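Have a look at these structures, which come just after this line.
Heads up, the next two complexes both have subunit A, just with different partners, subunit B and then subunit C.
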Partner chain A sequence: MSLPWDVFGVDATWMLLMAFLVALPCSQIGSFLVLRRMSLVGDAISHGVLPGIVLGFVFTGDLASPWLLVGAAVSGILVTLLVELIHRKSKVKQDAAIGIAFTTLFALGVLMLEFFTHGNVHLDASCVIEGQLDRVIYYPDWVLLGIAVPEPVVTMAALALCTMILIVVFYRALLMTSFDPGLSASFGFRPSWIHYGLVGFLSVIVVSAFQAVGAILVIALLILPAASAYLCTHRLKTMLVLAGVHAFLSSWLGLLLYAHLNAGLASAIVTAGMGLFLLAWLVGPVDGVLMKWLARQRAVAENQRDISKNVSERNE
Partner chain B sequence: MATVLETHDLTVTYHKRPVLYGVDVAVEEGNLVGIVGPNGAGKSTLIKAIMGVVPHSGGWVKVFGKSLKESLHRVGYVPQRESVDWDFPVTVMDVALMGTYGRLGLFARAGKKERIQAQEALDKVGMLPFAKRQIGNLSGGQQQRVFLARALAQDSDLYLMDEPFVGVDAATEAAIIALLQEMRENGKTVLVVHHDLESAKEYFDMLLLLNMRLVAFGKTKDVYTSELLQKAYGGRLTILSQVAEETAKQPEANH
Partner chain C sequence: MLTLLSLQSAEIALLASLVLGVACGLLGSFVVVRRIALVGDTLSHAVLPGVVAGMLWSPERDPYVILSLAALAGLLGVVTVQAIVKSTRIKSDAALGIVLASFFGLGLLWKSRARVPGVSDFLFGNAGAISVQDLVTMSVVSLLLVVIVFLLYRPFLVLSFDEGFAKGLGYPVGFLNALFYGLLSFAVVVAMQAVGVILVSAMLVTPAAAASLFTERLRTMTLWSMLIGVLSGGIGCFLSIHLDGLKTGAVITLVASSFFTLSYLFAPQQGVLAKQLRRGRERQRVARENLLKSIYHMMEAEGFRQDGVTKLALAEWRKTDLESIERSCQKLIKAGEAHVGRDALIYLTKSGWRRAVEIVRNHRLWELYLTNQADYAPDHVHDDAEKVEHVLSGEMLRKLEKDLNFPEVDPHGKPIPSVEKTLQELSQEGGTLS
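Coming up: the complex of A and B.
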């Protein structure tokens, strides 16, 4: 088997770091999406932000411009507002409203993309679908502490750090509004503000991850780590840590797979992440299939012991 | 006696359809009040509107003579048990601690004092031995006790509880009502949404009869009259009691 470092040399380190820095913030925000049953909203936003990105790109002509993030956050919030507008003002239910809002905004984005960027190769369809995580090394470097660091790595590191800080600062607000919106509203915690804040920040993360993994695979990075961690613990803090561990392991295993197959790094990471999810499902320590089976066997054995004890007592 | 809660012309509409019309009540300190009425009468909506969880389209609410916002720290709200996801990765202790978050605000950390408060509250409802359990591994009655412990940890003067007796075992129901009565003895005011007319008569000092409008509010013995109950439940009351009688007989027939 060919190892990443044999194939790519030191560049493999940058790929791994970049993959992890994309997957980590996704895993943290994704944990709250899963708990709030907003996974589909993540899906909707990952597609619905496209018009915002295209507009930002058209005005600045630069994919790395911070205005793209602003455009994305605005269109992300717009998607959620549109979903709510449709399902509140018409008889259409929420899931159908999500289906309408994100597909049409995505279509609008694709139309704008083709209309505004004829022959412009910087923002093409394959990048939208698959991203270009493996191209991280071709970006200009920033020199930090004497080490040349590719620019996207610096940006994602900053974003990952921001995410961690925001999660720590707003931990209680997120916990309370996710678990019991009614009580948090009665505390004056404003669940709807937290909701839109989360959606806006989610959009920023999705757009930042967009270049690396594309609009579709980013959903996997949001949901897979969270869902795997959810099956492995009953504590929220542990769940967040485990989701981060999943993000790292799937980046690492994905890179191994990529070096071996030499095809689609982002897809390899998601595939590895799915493998880890299956592992959590089957042999996870709390909700794993194996653990539940063992617990049932133990309960049955105990029951039989009790019964035979009762019988022997009665016989005496 | 001081007026704890006052509503005037409180009106709530959902999708432009009114579900609660011009409710005027004034609740005095130290009462245990049952909110009763048929399904869809707006019982839960009433306390949600008081707590500002659903917006009201007309009228006003005053708590301890001030706006709700100013008195929020003195009001404890216990939502319906079904309103939360019991698979959520938190422990019994975590939930009890949430009661102190309203006072702590969004950022202050829960310290030793809050932990002791949460522990005492859990002890009071007999759930302290379960403190480290994940909430999904509890029975319905135990879940309700945890919710109650959280309310106790809030240490409020006025409590609004949404259907705390739904889906709980008889032992828990008795424990809850004993606790509510103890709270009243300590000068707390408690409003409870309740769906069982039969037990409402024994449980509460005062009844608030609701059917989209306020039908009656007063001492239980004055309100629990066939005339007023008929007015609240309409023709449905006889049907309801017949259905209840039939279902009550069913398990016996199976034996």
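Coming up: the complex of A and C.
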């Protein structure tokens, strides 16, 4: 077995850090998506923001430009508005409306990609599907405290920090609007504002993760940690922490897998995340099938014991 | 076969696009009706490991092998979604996301590990790379889909709308569902080669959603959906060939989206425009009827000594300005419900009288109904009656009259006019009606 540090040397650290910094904010916001049953909104947005990304790239010539994030937030909200427009004003149901909206925008984005960035290596179709997480080491370095840090790592670290701060600040509002919109409205938190705020921020995160893992695998980073954590706990705070742990473990295991198999880094991370989810599905303390089965067996056995005890008492 | 072999790749692409329009349009209408659009999306991503397996299994790319393995992977994905939802608290949306991303990630990893060439044709769609053999397979599979759906139309119809009812009829629901998802996987794989993983969703959902706005009947919807699918495929492929080889899948999707936009705006019954028009006409009618009612009330207040009213008095009665009364009167006249006499008074025509009496009668009947039968206080019934008076008619009205025993006085002591009697009296007087 080849370890990442043997294969890539110190670059492996940057890859791991980058993978974790991409996965962490996704896992946090993904937890709220799963709780609010908006998982597939994440799917729709990750595809629907493509025209915004292409336009931003055309104007700034740089995938790391902050303007791209602004454009992403706007186009993400546009996607949700388009979905609402379709299903509110016609009898087309929400699921079909999502399907129509995101495929249309994605197709538009693909054509724009072909039209504007012909032959450009930084943004092409395979980047949309697979991402380029392993390219992080080819970026120019920033020197922080005497250490040369690749630029994308710095931006992702800033974004991850931002996410954590926002989650802490808006924790109560997010908690209440996720579980009881009516109650939260009576407390003065506007559920619709929180909704659009969440969608906008989700778009920002999706776009910044886009370059690393592509439009499809970002869904895995959003949902797998949250779903795995959901199987392990009933408490939101614990769930957020566990989702973060899942993000770290899947980055770490994914890197191992990547070094071992010499295949795509992003898909290796997703596969590792899937393995962790399967583990949680099996032995998650709250909702794992094996745990539930064991609990049932124990309950049955206890029941049996009680019955036999009663019978023997009566016989005496 | 000879003629097939001599086809150019552009012609193959065009034929393939038409075929996928049929397959996806057909199954898409069931997808839309069953509200599982996002299951289609998940399925299209989940088939990837199967495609990779198929390519590894048969390096000469035997389309039947690839198709079967891909469909198998798709079915496995659907089964996994159901297993997750059944055995945990995770809701179906998250389960779909999990399966979509996991299967796709696994497929990508396997593909890049095994270095399988040609998979990217499936990922992005490449109509130009479709071989004659592929085309034949696609056509055979699509034909099979059409035949199976045609034969099992009734069970599928019942299953789509009410699974419990289907069970009650004795249909093997589990088997039918498995068959349906199997067929859906086939349709997905057929379309994937031409339009790519992501835009398969569009081929499943968009034509069917456009068709659903045309009709309430599933059979008609299915036909429309297939037609729109075929048109999107054909036009899209044609455009992509002529526009300098733009990505076929994207162009086909945008053509389908244009069809949806057209139907969203202009569908005869369900279109936004038609609805807006209907609502506008409705509002106009209510406004006209309210004016008729006011005229009736004014004449009633005078004890019907006069047949006409002046516009000024009408404006005062309605607490509005002369100008807007002028405008509304013009509309009334245009509708043939009133005319202006030589003395510049507004007179109701026969149909105007009829409608005015009907509205007042509806209003007072409803007020009486609310006070007598629904125990409302008499001073609380007016606002409700203001709305109901415009929609009360036919069967409902007759039932109301019967329940109230053909009353003549409303809860406020005002007479409830009878349409027939009023018209009879009017024609006897001869006045304005002659």
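Throughout what follows, the second predicted complex is superposed on the first by the 316 of 316 C-alpha atoms of A that agree within 3 Å, B and C clash if a C-alpha of one lies under 4 Å from a C-alpha of the other, contacts with A are read in each partner's own complex, and residues count from 1 in each chain.
Assume contacts are C-beta pairs under 8 Å (C-beta built on N, C-alpha and C of every residue); 3 or more make two chains touch, one makes a residue touch a chain.
What you are looking at is a predicted structure, and each value in this text was computed from that prediction instead of being measured.
A.B. asks: Taking the superposition as given, does A:Gly42 touch the first partner, subunit B, the second, subunit C, both, or neither?
C.D. replies: In the superposition, A:Gly42 touches subunit C alone.
A.B. asks: By the touch definition at the top of the document, which applies to A:Ser90: first (subunit B), second (subunit C), both, or neither?
C.D. replies: So A:Ser90 only meets subunit C here.
A.B. asks: After the superposition on A, what does A:Leu224 contact: first (subunit B), second (subunit C), both or neither?
C.D. replies: A:Leu224 contacts subunit C only, not subunit B.
A.B. asks: Determine, for the superposed model, which of the two partners subunit B and subunit C contacts more residues of subunit A.
C.D. replies: Higher number of touched subunit A residues: C.
A.B. asks: Kindly classify A:Thr233 by the partners it touches after superposition: subunit B alone (first), subunit C alone (second), both, or neither?
C.D. replies: In the superposition, A:Thr233 contacts subunit B only.
A.B. asks: Pick one for A:Ile100: touches subunit B only (first), subunit C only (second), both, or neither.
C.D. replies: second
A.B. asks: Is A:Leu242 touching anything from subunit B or subunit C once the two structures are fitted on A? First, second, both or neither.
C.D. replies: Neither partner.
A.B. asks: Between subunit B and subunit C, which residues of subunit A are contacted by each of them?
C.D. replies: Common to the two interfaces on subunit A: residues 37, 230.
A.B. asks: Quick one: in the complex, what on subunit A touches subunit C?
C.D. replies: 33-34, 37-40, 42-43, 47, 86, 89-93, 95-100, 102-104, 106-108, 110-111, 114-115, 125-126, 129-130, 215-217, 219-220, 222-224, 226-227, 230-231, 257, 261-264, 266-271, 273-274, 277, 281, 284, 287, 289, 292
A.B. asks: Quick check on the complex: what are the subunit C residues that touch subunit A?
C.D. replies: 32, 35-38, 40-41, 45, 84, 87-91, 93-98, 100-102, 104-106, 108-110, 112-113, 120, 123-124, 197-199, 201-202, 204-206, 208-209, 212-213, 246-247, 249-251, 253-254, 257, 260, 264, 270-272, 275
A.B. asks: If you look only at subunit B, which of its residues touch subunit A in the complex?
C.D. replies: Its residues touching subunit A are 48, 51-53, 69, 72, 75, 77, 79, 83-85, 88-91, 94-95, 98, 101-102, 106-107, 134, 136, 150.
A.B. asks: Under the touch definition given earlier, write down the residues of subunit A that touch subunit B in their complex.
C.D. replies: Residue positions touching the partner: 35, 37, 169-170, 172-173, 175-176, 178-180, 182-183, 185-189, 230, 233-236, 238-239.
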